[in-house]
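First the structure, then my questions, so here it is.
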C-alpha cells in the first residue's frame, strides 16, 4: 500500500494575509498527522524499530518524536495542568533540545524496543485528542501557541521525508532487497531535453522570505545581496550525464574533487551514487519500489555535495549559489513531482521550457552555499531557538524539495541543509556558470 | 509468561550405552525446539529484532540460525533433493561456517527486518516437519545424520541461553528498565554458609569426556594430566563478599589487576559488575525480572574474567584451573538452579555441605585456564569442524552452567569459553588456592 | 636564541606597479630562506623530527617541503635538464599536489628519520644555489617562473608560521614544559582600553585584491558585495573577558554553542582555550617562552571557531563576516605585533584609537564566513591550482595575521582558513554586531 | 658499524652455585650497559627519537628506561639519600610499574624530544657511576639489592632485543628503505636438511627452572606435568616451506585459520610475513642490513602466532606446547645464532643432527601454549612483582631466543610471550605432532 495521489496528504493551509484560522489549523493538523501514519502502513513493527545508521532514526522514533514536539511545545505550556503521557518520554523522544533537558543518545534510538509500535500509536492518539481539543476550544488558541502548532506541522512534514529516506536506507541494508512499495507507477521512457543555459543579469537583489505565510526562521530576514550575472542549467543532471562522468574515471581522478571530497571517496570506497549497484553488465538502482535497471532519463539522485561538486567541475561548470537558485525559482510555479505523486522516485525530465524545469520536487539540488545565518538573523528565544540556528556550520544548502517532500512543505526561499558527505537524502545536481 | 518449572523444557535423552534411538531423538527434537519458541513468548516482534551490541544477536536471528543449522547440516545432505526454504537464508543465517560459504556480517544481524518474525516462525515449522519426517521414517536415520541431529539439539540449547543473555542486555539498554518476566518467584533471604576450603590431593588424573553419552568435540579426548594438591571454595563468591572488594577500592587499585584487566577498567569505566546500578543510597541490580535491590546472599554475577581474577587476588586466593574444577565436579551430582526453575537469576547459597555446592547452575565459574585444545584433539572433518576448534585462542574457560542454562545441557566435562572482558553472560567466581 | 627584532626576517619586495624585478626576487629569496633556517636554530634534530599530531608536521618536513616546492615548480620546469636532488623526495615531501603525483601519507611524516636534518639542510643549499643561479642569470627568468618564485616565497612564509605553531604544539606534549626560547621580552602590564563599537554604514562594496602586488588566487577576483550596516569591536577580546565567559559556565552551557561546537566540547573535554593550565589557584598559559601566569590584558588566543562563536553569543554579539573585517581593515595601516618583534605571543592592547586596533598581528581573528570561492573564482591551471581551491569546504576564514606571521606576508585581503575545531593556531576573537 | 662478533657483548656471569659475586656483577654491569650503547651507534639522534607504533618504543626511551630501572630499584632504596638525576624522570621513564607511580602514556613516548639523546646518555653515565660505586664498595651489596642488579641486567638485555626490533620496524616505515647496518656478513647458500621428526615418549616430567643461576619468576616454580608422546620437527620451517603455504593460497583459505587469526588477516590485509615485499617477479625481505632477495634456505621469520598456527594446520601438524619444547631443549646445548654473531638475521639451517637444530637463536618459536602462571606461581612482593605476572593473559609463549637476543640471556626454561597477532619480533615456526 502506498499513499494514493488523490489524497491531499499533507496540505497545510496558511492564509496569504496572516496566520491560519483555528479551523484551518485543526484541519491541517488532522491531515498531516494522518499522513505520517499512512507512510508507516507498508511497514512491520520490526521495520519501524531499526536504526540503520547513526544519522538515521527508526520510523517508530519519528512517530513518537513528532508527537513529543506537540506535547512539549503545545500541550505542556497550555493552561490546565497537562500530565505527560509518560514521564520518561520527555527524554526518550527529545531530539536535540538542550533547553528542554536531557536526550536519549541519538545513536541508540534503535535500542528502544519499548514502547512498542502500538504504544507509540496510542501516544499519538492521546496527544492528537488534546491538541485538537485546544484548537476546537471556543476561545481558540492565542497567537503564539497557534504559531507553534503550525511550526509543529511543518516539523512533522520534515520528518515524513526523513522517515522515507531512513526506511529506504534500512531496506538497502538487507541483502533480500525488499521494497517499501511494490506497485509504484511505471513512467514512460523519455528522451530528456538538451541541457540549455538560462541567463540572469547582475544586480542587488532581495532574498529570503517576505513574511507572507509560513516560513522557518532560517529563511529570514529578507535582505539585499549583490548577485553577479549567472546562467543556470535548464534541468537537473540526468543519470546518463552522470554515468558519463563515472565512465570517464570521475571517481578515480583527484583533480576533480575538493580535498575533503577525495578523502571521502577513498575512505568510503565510493564508485557511484548511493544505491547504484552493478549487476551483470549494467547498473541497477535501488528504489523504494525495489531494485530496477538504471534509467538514463531520470535525474541523478543520492549524490553527496562532494560528488555534485566534482561532477560540476568535470562538466566545466559549477553549482549554483543559493541566491542564484532562489532568484531563478522566484519566477517559476511551485509544481513538481512530490510525495503525493506516489512515485517516490525522481521522474524523467519533460519538455524543455524557457524557464528552468524541475526546480521543485524530484531531487534536492545542492548549492555551493554553506549553511549560515542571513544578515540580521537571530534565533527565536527559548527552546525553539534551537530548531535551526545551532546547525549553521559544516553543512551545505540544498533547495527545491524532492519526490518524497510533501508538496505544501517547500517554497522558493526554503533552505534545506546537510553535511557535504550525506548521500541518503534524495539529493541531485543542477549546474550553473558565471554569466558572460 | 515464562517457562514453568514443571515443564521438562529441554530434556535431551541420550542413552548411557550409545546414541539415542530415533524415537528418543524425535521426542527430544520436539521438546527442545518448542522450548526455544516459548522463550520468545514474552517478547514482541520488536524485542526479537534488535541487536544491542556486536557480541549479541537478535532473538529472531537465534530462532532462524538454529533452524538453519538443521536445514544445512541435516536436510541438505539427506537424500531426496531438499529445496531450501529460501535460497538466501543460507547466507543470512550462517553464523561463522566458512566451509558452508559466505555469512551476513555479524554486527549487521539486527538490520534484517525481513524476514519478519512470523516468517521466521514459518521457517522453523517448515524445517521441523521435514526433520521429524526424517526421524520418523521407517528406515530411520543413519548413524551420522542422527549424531548431527543430536548435535543440533545441543547447539539449540546453547542458543537458548544466548537468547536470554542477549535479551537481558537489550532490555538493559532501555532507560525504561523493562522486565522480561514480571513474575519470577521470590526467594527467601538466607544467611549464606561460611566459605570453607575443600582439599584435594595431587596426582595424575584423567580429564575430559569418557564417550558415554553426548559431548562436544572440545571435551575430548580423555587424557591424563598431573594436578597438584589444591583447595576449592565450598560455594561461589556472594554479592556481599564482592561488595567488600568494591568498597575496599577494588576498582581503583591497579596492583590487584592483570594489565589487560586494568586497561579494561579504565577504558570502560567499570566500577562494579555489569547490571549493578547505584540508586539512592544503595546498589540495585537489573535482572530478567526487572530492577531490584542487590541481595547480599546471591552469588555475584556478570563479572568478567578480569574482575573474577582481581577479586581472587584481593581475597588472597586464585581462580581454579579447569582441571581442578572438573575433578571436584566429577564427585558431585549435577543438580542446581537451571533455566527450568524459572528463576532466571542466581539463587542464594543453601546449607553448606562437605562437597562444593552450586557447582552446577546459578553462575558460570571462570577458571584460570585459557581455552585450548586438549592433547590429541583434532577438529572433526568438514564444516562442523568449525564448531569449536577455531575459537581456541584468546578465550578463558568457564564451567558448570548458569541459571539460564538448560539442565540437560551441561556436564562436569563441559567447557564454555568467552573472552576475558565478556560480562553479559551469567558468569561468577569460585575461589581456589594451592594445597598445603 | 630567537630571531632578533632588527633583522628584516622575511621582507618580500613586490613593486606596486607590477612584478618584482629579478634582483628583488633574489634578495627576497635569500632573506626568506634564511629566516626559515633561523627559526630552527633553537631546535635540536629531535625537536625537528617529531610530528605531534596528524594536523602538524615536523619542522624538518617544513624545511624540506618548502624546498621541494622550488625544486618541483621552479627548477624542474626550467630548461637545462635539472636532476632532482633525490628521486624519492618528489613523493616524500609532496604535501597534497595530486597533479604532481603520489604523496607520503600526511600522518606518517614523523616517521622519516632519514633524511637526517643535516641532509635536509644540504638539500636546501643545493636547491638554493640553483634557484639563485636562475634568478641571477643574464636573461633572468621569464614572467611565469618569476611569479612561481614569488609564490614560493609566500608559501615559505606560511610554513614559517606553521613551523612555529607546530613546534609549540610539540613542546606542549612534553610534561617537562620546555620553552622554544627562554628570553622573550617582557611586556609591561597594561590596563586594556574599554571595548568600543565602531560603526560602518551599508552599501555595495568592492572586496578582494585589486591586483597591485602579490596576492593568492583565493583573494581574487575583486568583486562587489552588498554589506549591511555593522559595528566592529575596537580591539580583540582579552583573556580577562574570556575568563569571565569561562567563569560564567561558558563551557557547560550548551545553549551558547553551535551543535557541532557542543559536541567538540564534550568529545575533547574542553574547559578553556588550548594551552591554558590550572596551576594552584590560578590559570597559567603555555607560551613559546615557557609556562607563565595568564595575563588578563592580552588578547585571548588558541580558541577554536566554536569557542569564538560561543563567546560572542555569550557576549550578546557575533563574529564579523570576512567582508566586514576587510572593509574595516582597508582603512587602517598594516602595523602590529608580527614574528619580527620576537615576542612570539600576543601583546596587550594599547591606547584606544578611533580606528580598530590590533587588526593586524597578535591573533588571527575568526570570522563567521565559511571559506568558499569568490564570485568568478577559478583555480589556476596545473598543479598550482591545488594550492587553495580544493580546500574551499568545511573551513572558516580567519583574518589579520598573528604574532608568528611574518609582517610582509599578510594584507587586508588575506584569507586564512582552518576547520572550526582547530585550536593550535594563534587564533582569537574580535566581536561585531549588526548596525542600528 | 655493528657489534663485532668477537666482542662478548652481553655476557652475564652467574655462578652455577649461587648468586654472582660483586666483582662478577660489576663486570657484567659494565659489559651489558656498554652493549646497549653500542647498539645505538649506527643511529642518529632522530632515529633514536621516533616511536613507529604504540607497541614499539624509541631507542632513546629504551636507553633511559633501563637506566631508570637501576635508579629506581637499586639506587633509591640504597642507603645514603640518593637524589634522582631529574625528578620527573620517575614518571617519564616508568614503563608500567603502577606501584612506583604514574607513567607517561605509552603511545606518547615518541613525543619526548627533551631530554635530548645526549642528555639521556649523561643520565646513563650518572647512574652507572653510582651503581658501580655501590658494587665496588667494601661492604658490597646485600643479597637482595645484588639480586636486583642482576635482574636489571637481564632486563636490559631484553630491551637490547626490543631496541633492535623497534628500530627495524621504524626503518621499515621509511620508503627510502634505510639499513641499520650496511655490511652484515653474507651467508653461503645452503640446501636445508630435510625436515625430520624426532620422537619423545610420554610421562610425568619436571618443568621450569631449577634455581641454579638466574631465572625470571615466571620460569618457576619447578613443577611436574604429564606430557604425552610427541614428535618435534628437526629444524624451524624455512622460507621455501612457508612460501609453498603462501602459494597454495594460505592467506585466502579461512579453514586453515583460527577465527581471530582470519579476522586479523582480513583486518590488516596480510598476504605474507611482515617485511616481505613483492618486487618485480619475486619476494624480497627487509632486514636490518637492508632490502634483499628472499632466501629459501633461511627460517621464516616475523610471523604472528596466527600465521604460525595456520601454517602448521596446512602442513598437517601443530605447534609444540611449551612443555614439549622445553623437554626437547633440555637435552641440547645452548648454541646458536645470537646477536653476537653480528648477522642480525636468521641463518640458514645447517647439517641435520639427531637432535633438533636451531632451537636456540635465529627465531623465537611460537608454542601453542598461552602464557599463564605455573602451578604454585606467586609474583614477588613489591613493584617488581609487576615484572611478569600481570601479563599472564592474552599472550602466547615463545621459546628459544633469536638472532637479536644476547646469547647469555636465554635458556631452556626461558618464557617469552607476545600477543598472537604480534609480528615485529623475530618469531618463527617449528612444527610438532602427536606421538604414535
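General observations
So that you can tell them apart, the chains are marked A, B, C and D in the order they are listed, and the count of residues begins at 1 in each.
Throughout what follows, a residue touches a chain if its C-beta (ideal position, glycine included) is under 8 Å from a C-beta of that chain, and two chains touch if they have at least 3 such contacts.
All values derive from a computational prediction rather than experimental measurement.
The minimum number of touch steps linking chain A to chain D comes to 2.
The most distant chain from chain D, with centres taken as the mean of CA atoms, is A. Computed centre separation for the pair chain A/chain B is 47 angstrom, with centres defined by C-alpha atoms.
Averaging C-alpha coordinates per chain places the centre of chain B 60 Å away from that of chain C. Chain A and chain C, compared by their mean Cα positions, are separated by 39 Å. In chain C, no position touches at least two other chains.
Remark: the chains found to touch one another pair up as A-B, A-C, B-D, C-D. Chain contact summary for the complex, chain A toward chain C: residues 96, 98-99, 204, 223-226, 228, 254-255, 257-262, 305-306, 309, 368-370, 372-373, 375-376, 386, 390-394, 420, 434.
Those residues of chain C that touch chain D in the complex are listed here as 44-50, 52, 60, 88, 91-92, 104, 108, 110-117, 170-171, 173-176, 178.
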